[in-house]
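Can you keep this structure in mind? I'll have questions shortly.
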Amino acid sequence: MKVKVRYFARFRELAGTGEEEIDLPEGSKIRDLVEKIKELHPKFKEEIFGEDYDDSADVNISRNGRYASFDEELKDGDIVALFPPTSGG
Amino acid sequence: MKVKVRYFARFRELAGTGEEEIDLPEGSKIRDLVEKIKELHPKFKEEIFGEDYDDSADVNISRNGRYASFDEELKDGDIVALFPPTSGG
Amino acid sequence: MKIRLFKKPEDFDIAEAVGLVSSPKSGGIAIFLGKVRNESHGRRVKKLIYEAYEEMAIEEMKRIREGALKKFPILDMVIWHRYGELEVGENTILIVAAGKHRKEAFEACIWAVDEVKKRVPIWKKEVTDEGVFWIEGEKAIPDKKVH
Amino acid sequence: MKIRLFKKPEDFDIAEAVGLVSSPKSGGIAIFLGKVRNESHGRRVKKLIYEAYEEMAIEEMKRIREGALKKFPILDMVIWHRYGELEVGENTILIVAAGKHRKEAFEACIWAVDEVKKRVPIWKKEVTDEGVFWIEGEKAIPDKKVH
């Protein structure tokens, strides 16, 4: 299955792109997608997640426009976004 | 000496006037003026101060545009206002 | 003018008030706008008739503004009040507090609204479906005058 | 529209926002207007560059508005946010809460500002005399990209 991944703010600069499609096996969870992203974009490993990332890293993840947890299962066509803590207002 | 007395809101209706001049002996205090007003306008005695009024009656008094206490001494030409608790906003 | 009474039909221009307190230092602007609402303690309100002791009201509003500037680390404040016969939905009071940060702006704005209600010599008469009442602090006193 | 993103040069019309929440029931309207200020943690700010994940930001702002309407006995709320390159003095956020009484209007307004800052996917980059910083929550992270 394919999911669309979007990157915002500093994460867009780390990824070098604002958007890409990533192939994943059926039944993958968000944490599997994150592993894939760390492979594709080593800067995320180095600068964001560290070697043994945990859910408390300063990373927000949304799935189809809602905040999502690492354990959520993905579906084909999902839009997942990765972004740093917000600073609106 | 003469002081100008102004009445506002319900007190204007009790006094039947918005403004009057009252003659007082030199050295009079605001509480002396209030006694005079009670004579001139018995409704203040009945409806506002009661027989033995005290300073905690629901009466505000200002002298020359500032809240004043019953013990303040008056001067010729002073403008004194009597009014009920405020309700702006 | 940062302190002002507006006699109806004069009304507030909120953007103007915001402009009066804004500077490059302001990050947060807290505003309170009071309006005549259609209900008061269960009585259906038709209108409010506001009366002011104008000269003293202006002085008292100035003192509240100065008090707020001392008490809170805000940058500036506008206090405006209307009077006259105000219909349901009409503006009654506008307070604008500008701060570097929102916390002090909100605190100063809330404080100033309370102070205006307590201290500024302005009174309202409520014209309701149960009759006409003078509002004095928390009390409502039936008006004896025929309207 | 009670929830809206404004891309500069589009800007807020506060009177319009107040009109959107006003009804004969509203007695107190609390407003927060955020602006770009010239200083941030000792750094002199030249401008802020706001970026938004637009579709999600709108949804999250809607959820905050609905949350406020449930959590506080208010009558209505507007949440507007701007993005783009905003100079010192320019508007960034506008929240308007209408209540029967001022207490709940202020409480809801203060709560909503906090929630927007925490949850709505909008980020700012600070352009200062010490360089350019991504602002992430409470952190300022130097931007490596050349501007």
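Which chain is which? They are A, B, C and D, in the order written, and residues in each are numbered from 1.
In this section, a residue touches a chain if its C-beta (ideal position, glycine included) is under 8 Å from a C-beta of that chain, and two chains touch if they have at least 3 such contacts.
Here the structure is a predicted model, which means the values were calculated and not measured.
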Whole-Å gap between the CA centroids of subunit A and subunit D: 26
Intercentroid distance (Cα basis), subunit B paired with subunit A, Å: 74
Residues of subunit C touching at least two other chains: 34, 113
Sites on subunit B at which at least two other chains make contact: none
Chain contact topology (line, ring, star, complete or other): line
In contact (per the touch rule at the top): chain pairs: A-D, B-C, C-D
Residues of subunit C defined as touching subunit B within the complex: 34, 50-53, 55-57, 59, 81, 92-93, 113, 116-125, 134-137, 139, 141, 143-145
Residue numbers on subunit C that touch subunit D, as the complex places them: 13-15, 18, 22-39, 88-89, 100, 102, 105-106, 109-110, 113
Interfacial residue positions of subunit A with respect to subunit D in the complex: 6, 8-10, 13, 58, 60, 62, 65-67, 81, 83-89
